Amino acid sequence: MQLGFVSAILPDLSLEDVVGFAAAEGFACVELMCWPRGKAERRYAGVTHVDVAGFTQADAQRINELMAQAGVSISGLGYYPNPLTPDRAEAAVYIEHMQQVIRAAQMLGVRTFNTFIGRDWTRSVDANWPRFREVWPPLVKFAEDHGVRIGIENCPMLFSGDEWPGGKNLAATPAIWRRMFEEISSPNFGLNYDPSHLVWQRIDYVKPLWEFAGRIFHVHAKDARVDQARLDEVGILATPLQFHTPKLPGLGDVDWGRFFSVLGDVKYDGPVCIEVEDRAYEASLETRKVALRQSGRYLRQFIP
Amino acid sequence: MQLGFVSAILPDLSLEDVVGFAAAEGFACVELMCWPRGKAERRYAGVTHVDVAGFTQADAQRINELMAQAGVSISGLGYYPNPLTPDRAEAAVYIEHMQQVIRAAQMLGVRTFNTFIGRDWTRSVDANWPRFREVWPPLVKFAEDHGVRIGIENCPMLFSGDEWPGGKNLAATPAIWRRMFEEISSPNFGLNYDPSHLVWQRIDYVKPLWEFAGRIFHVHAKDARVDQARLDEVGILATPLQFHTPKLPGLGDVDWGRFFSVLGDVKYDGPVCIEVEDRAYEASLETRKVALRQSGRYLRQFIP
Amino acid sequence: MQLGFVSAILPDLSLEDVVGFAAAEGFACVELMCWPRGKAERRYAGVTHVDVAGFTQADAQRINELMAQAGVSISGLGYYPNPLTPDRAEAAVYIEHMQQVIRAAQMLGVRTFNTFIGRDWTRSVDANWPRFREVWPPLVKFAEDHGVRIGIENCPMLFSGDEWPGGKNLAATPAIWRRMFEEISSPNFGLNYDPSHLVWQRIDYVKPLWEFAGRIFHVHAKDARVDQARLDEVGILATPLQFHTPKLPGLGDVDWGRFFSVLGDVKYDGPVCIEVEDRAYEASLETRKVALRQSGRYLRQFIP
Amino acid sequence: MQLGFVSAILPDLSLEDVVGFAAAEGFACVELMCWPRGKAERRYAGVTHVDVAGFTQADAQRINELMAQAGVSISGLGYYPNPLTPDRAEAAVYIEHMQQVIRAAQMLGVRTFNTFIGRDWTRSVDANWPRFREVWPPLVKFAEDHGVRIGIENCPMLFSGDEWPGGKNLAATPAIWRRMFEEISSPNFGLNYDPSHLVWQRIDYVKPLWEFAGRIFHVHAKDARVDQARLDEVGILATPLQFHTPKLPGLGDVDWGRFFSVLGDVKYDGPVCIEVEDRAYEASLETRKVALRQSGRYLRQFIP
Amino acid sequence: MQLGFVSAILPDLSLEDVVGFAAAEGFACVELMCWPRGKAERRYAGVTHVDVAGFTQADAQRINELMAQAGVSISGLGYYPNPLTPDRAEAAVYIEHMQQVIRAAQMLGVRTFNTFIGRDWTRSVDANWPRFREVWPPLVKFAEDHGVRIGIENCPMLFSGDEWPGGKNLAATPAIWRRMFEEISSPNFGLNYDPSHLVWQRIDYVKPLWEFAGRIFHVHAKDARVDQARLDEVGILATPLQFHTPKLPGLGDVDWGRFFSVLGDVKYDGPVCIEVEDRAYEASLETRKVALRQSGRYLRQFIP
Amino acid sequence: MQLGFVSAILPDLSLEDVVGFAAAEGFACVELMCWPRGKAERRYAGVTHVDVAGFTQADAQRINELMAQAGVSISGLGYYPNPLTPDRAEAAVYIEHMQQVIRAAQMLGVRTFNTFIGRDWTRSVDANWPRFREVWPPLVKFAEDHGVRIGIENCPMLFSGDEWPGGKNLAATPAIWRRMFEEISSPNFGLNYDPSHLVWQRIDYVKPLWEFAGRIFHVHAKDARVDQARLDEVGILATPLQFHTPKLPGLGDVDWGRFFSVLGDVKYDGPVCIEVEDRAYEASLETRKVALRQSGRYLRQFIP
């Protein structure tokens, strides 16, 4: 496994500075954010470390040289919109950009593009399924044609009221993953596995590693702390941020020793990227760097 | 405390037979269902052991004599519609009937009417609040005027898809109860406390007994079993029956010893009515009677 | 479900007295022991409440009348030898007697014959398998031909040194049951399910109820207490009685509420027979009767 | 084992009525309180069901006939003063009365006299030890000479401020019991074992059953509930009633199944007397009777 | 947060050497001990790294230059006597010295002075309260006047017999802290929070972080291991060192990940000073240095 | 304590390279494997970093100089055959080589030789005991005469079918250690303590540290993960690798903080050698080096 981080937490740094920081801190890789330039639509979105619009082979070469000089690899390209949003025009824009990210990944020789399935959050999983069957097979085919794998992050994208009740990403549970992979069995369609989203959903985050071993293309190392005292007030039907808090690895409920123990046993040897969404560390660029440094120290107990 | 049961599980028995069964089995009380005559709208609804339409003092006298002869008391009258349903005409019918139940309770000398707050299940708690403030103050005032207490059952009324996402009863959590009682502080407004709904919401069902001691007017003894293996597949965002099963007391996750231990300490000495919604015991009238008998044996370890 | 007991604990009572005791104590059924007359080969064996040697239709009629008068049914006939014992001559004797029990069951109209698979205890499961494939298909066929089901008790028959290391019954674990039923898929081949043997093997005794629901023909209600302090001395490689003690239901580690909760949900409605192997209750006939009475009181919280 | 109760909870009943109640409810025995007539010094003290002052063989015969007619035995005589109280004149009065109880026990043929060691509550265990060595050897010798066993209840007698810090009975822990029995090895010196006092002291209440098997002369069945929320406020250095509540068996933290499981295995077959100190059941004579009845129902799951 | 240590563990080093060690090991701060020169009254007391007797502005300047050169800050000044000791003359000496430490803190520009409330250990909390009300308001006023905050360490100062029963510091529990801050609401009066003292008192050491967030001025990182086997012998009424052992962070029962997770969320960003009281590391100066080094490595997983 | 590793995981490195790696990674010591040159008989066996055949004082001096230059010490010599194997000729070869290792240890000034007791795996512990009494007293005497201690690793040497049922090393449990040391009380006979083998045997791996403190000569830091889902299939009677997996420290079920906490308290200050038997890290020399590096980072939180 290679320890790295998701670049979204360093939006104020240029690609060069991101990579320089990674190298200085001994990180082996970085997942680079590829949002279109413009205003972020939500927290942690809208970061552009690789601008895939009009991306050329020359751009690819320049970036690869930068990475090679730093001794840091690109774990994946990341862009996490909602391609099943009810507004089909908006969805088309997202999908078009997703294809551009896939093309850039091919040019860069990056194996994995990380994203969300998306969801019409006002409707049930079943009600979203026809749309899934319409949008995703061609997208996966597109990725196959470009030799790129798509890693779907298993975040429900349900945190507070505006995403209620369904969240903006279907791929939240093992039952749904199984359905996805039965529908689209392509070897280029898999998961960007993040245990923190399973912890607060009360889903065993170790058990699926055995069943979905071959589908895990990328791993996000984020943690979450469920506060029983808050849960005792609002229960599991509340919006999730009412009873849990995203935290750095080691500051939440994930048992990382057990997680990496089994992850190694199922022969995963890809990237593990720290994803920082811990507000206690977001005061400044310096505290966000501290967050990455501390998370790295914590995780290196369990991974190379 | 007085051990009894909710009459809804015996829809095929007349009032006389329900009371006779209670007496024969040593139950001290019964919560009598007062749905309007007609077709049930959902499982466990639509049962009419007291027909409050056109209810007279003579009716009251006849029923009270029946109860007195059997040595069984009426723990409360029950009618559980959705008075905040989006269809206001439908809601008005419910509210009109609720008032009839309250009038009947007064005539019978029954202290408590048990029901739901209701909810527009497609909208958030906050979005339902204006409607709560419109409907409930006059209803509680009506009950006060008739010397009757209203016990709100704390069931989220969210089991499967058609009640998704919000369920049909606002009064699901301690946070919401607090809000309700801050809004309407009447001593005639309280809870029909059922621990089973808190168990699967992952809310401590003992802790609120201290805070809400004075608001507990009635208790339902039902249990629920959460299956972690099912939860591991679908997570807490699934509709609740995907990961839990309502069961008889003693066959679920409620620690009844601890529950009654604290319930006694906060000086509750009202009725405790077994509510059977366990499909493993619903094959026939005889199995439903068995369910009440077995539940009684189980609970008498912990209560008089 | 029908609550009863295994007659082996009352070897000093005649069939009439066993059935009389059952009736007096309100038990619905009894599993009747059918060992050949003669010396018991081990504790709890060698009891003959139905002597199947030379069993006639007249014998069957007499017994059935006795049962009918008492209002007690026969849950099954029981005979638990080691038909895979290395001494083939000895095994042939056992098998011959097993067939006699099956014939008697047919004559009595009893659905189930309970027994063990047997095992050469000095050899591994794999090494025993050829013998299983030789002995069991004809036996199950024989039972099919007589309209009788065979319920295999899941006891490893490994308690102390003389049964070390393998025990005298292959059917100890879910993995082996699966293998058995893949090998012999007959609907007349199933389990006499006893959770106590799974408890000390550290196997979840509830989980298999779902998978093997249709294979559960009979249930033994016995319990076992694992003592961690003893386990801390000798570990799981010791002979099992060094770290656990068979006990009455309610005095061991089985969570009977959960067990019966799921057993009901998978629609089991057959017999549940208390099996007493608790030395603290074996001082006299009276204490053994006390054991059945107390176990009955305990279990009736959870079953009809 | 024989199930009974401690008569202290029925101070308003005569001996005849106590015994009549025991018989009517199916209790096998009663521990009879033998306080000197006069004002009780604390809650649950001062009850006189047998007045040992001037006790004669005729008194003994009358009582024994009463018991025999009712079919109820005397499990022990109880008198629980503080014979190590700093006021030596007061202590002498206690000791004199203890001797009278022992004499009465001999006359009644009752095997066991239950009491406390006592303690100067302002001083440490070590500082009390010389006084223990002075008072207790002659007392035990006295009991030996009268063929009576002394069962020391393991209650720290520390509940609230006036008993702070040391409590009024040394015999609170296994370490102290060991010291007591090393000091006085008489077979007439043992324990009246009550698991509830160990629960809130965070002492395993099952483990000592093995070590002290032969010293257990009598058992009190009382329970206690520790409330973690209260403990979180005041910690273990607070006076104990700030964080725990004495309760009926089944309403506290004792695992009675495990307790009786091991108690039977170590071959205890003496009395088990329900001791009611649960304020939720003390409103009236009737509620106190209810407490005994309910406790009996609960415990009969686990004992004959 | 800034990681540092308490200088008391290095009594044999000069201030220069303490600070040099801190710098070399990457510690950001040190809590400097300010006992009066002379003989230590107990283990870990009597250390003088800053001699506040006759402390001058020149002394302050010299020390501040030393710190600045080393790049190490002073997290607080520490002096932990018993200002409520029954001997009022002795108490007056302590209070006089406390004022000198406060004056020195002002001169050094150090924000926090850490100490104990003290207690007459032979008397209850209530009985100590009048003395608290006499001594502490003027002391806090004195600190306010000098712009210094007082951080009270939450150690009960009850370890073995000579501090029995009450310990020498009132400020042991959340209930008492609440009472202290209701009595004296000054913003200069707060806590030097050490979770290890709460662990063995069985108090949740995370929950108070929310309620007392604004009162936490300083944090001690010490751990404690409760041994259940020892507790099973002596119970919670024993002197605490009979059942627990103070240990380095990571070698005890504190869940430091959870502790720092919440500490960050409540926006604490002050010093965290390792306090070594682990006898397994006290053989020599070198092993005490090792203790600080190892504790630092352990804690840096969870804090910057 | 000194952190090091067992050299068996680096069979492809020369002694010089092993020691160089240890020094470069900051390990204080190495346990050097001393198998006879030739083919390994099982995984992790057959490694020869010190060839004790014909070992001379010159060899010893050369090795000691190498170690001294690197600043790495030899924690012990290791050779782990089965000296109680049923084939006595084979056993004699093992014993002869064990003596050679002891001689080499003496020449090198190494205090400890680590090995197994051995066992005839087809027979019970009792049945092996006569052989133990024959072989081991002279071996321990031999070690005494050479001033060398023998540390017996507590591995049952039972992993899969070919070692079934008894395993190839008697010294698996505290009960057996006690028996060994009662039989041979020599101060040169002790344990090479590895907690991982106790974890899967469900034996408390901390409790024995108190009792056997003086017998612990060497410690292996290996971990093991028990998978309950696998155990639920096969139970504890299966061969152990069916339900557990050996892992690096931190990736298994051992609570290393608690382990080292107590290990320090009982005053162990000898070597702690990482033993790598984690197949997820055995792909190449580089991954095995990574395993040691990562294990070192993990363990240095808890030990110097």
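Chains: A, B, C, D, E and F, in written order; residue numbering restarts at 1 for each.
Here is the rule we go by: contacts are C-beta pairs under 8 Å (C-beta built on N, C-alpha and C of every residue); 3 or more make two chains touch, one makes a residue touch a chain.
This structure is a prediction, so every number in the text was calculated from the model and none was measured.
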Neighbours of chain E that also touch chain B are A, D
Max Cα-centre separation from chain E goes to chain C
Interface check for copies chain B and chain C. Shared numbers divided by all numbers used: above half gives same, below half gives different; which is it? different
Chain D and chain E, separation of their C-alpha mean positions in angstrom: 44
Distance between the centres, which are taken as Cα means, of chain F and chain B, whole angstrom: 64
Of all residues in chain C, which are in touch with two or more distinct other chains? 207, 301
Interchain pairs in contact, sorted by label: A-B, A-E, A-F, B-C, B-D, C-D, C-F, D-E, E-F
Residues of chain F defined as touching chain A within the complex: 225, 229, 245, 247, 250-252, 278-281, 290, 293-294, 297-298, 301
Can you tell me which positions in chain A touch chain B when the two form their complex? 124, 126, 156, 158, 161, 164-167, 172-175, 198, 200-204, 207, 228, 231-238
In the complex, chain A residues that touch chain F: 207, 257-258, 260-262, 264-265, 267, 300-304
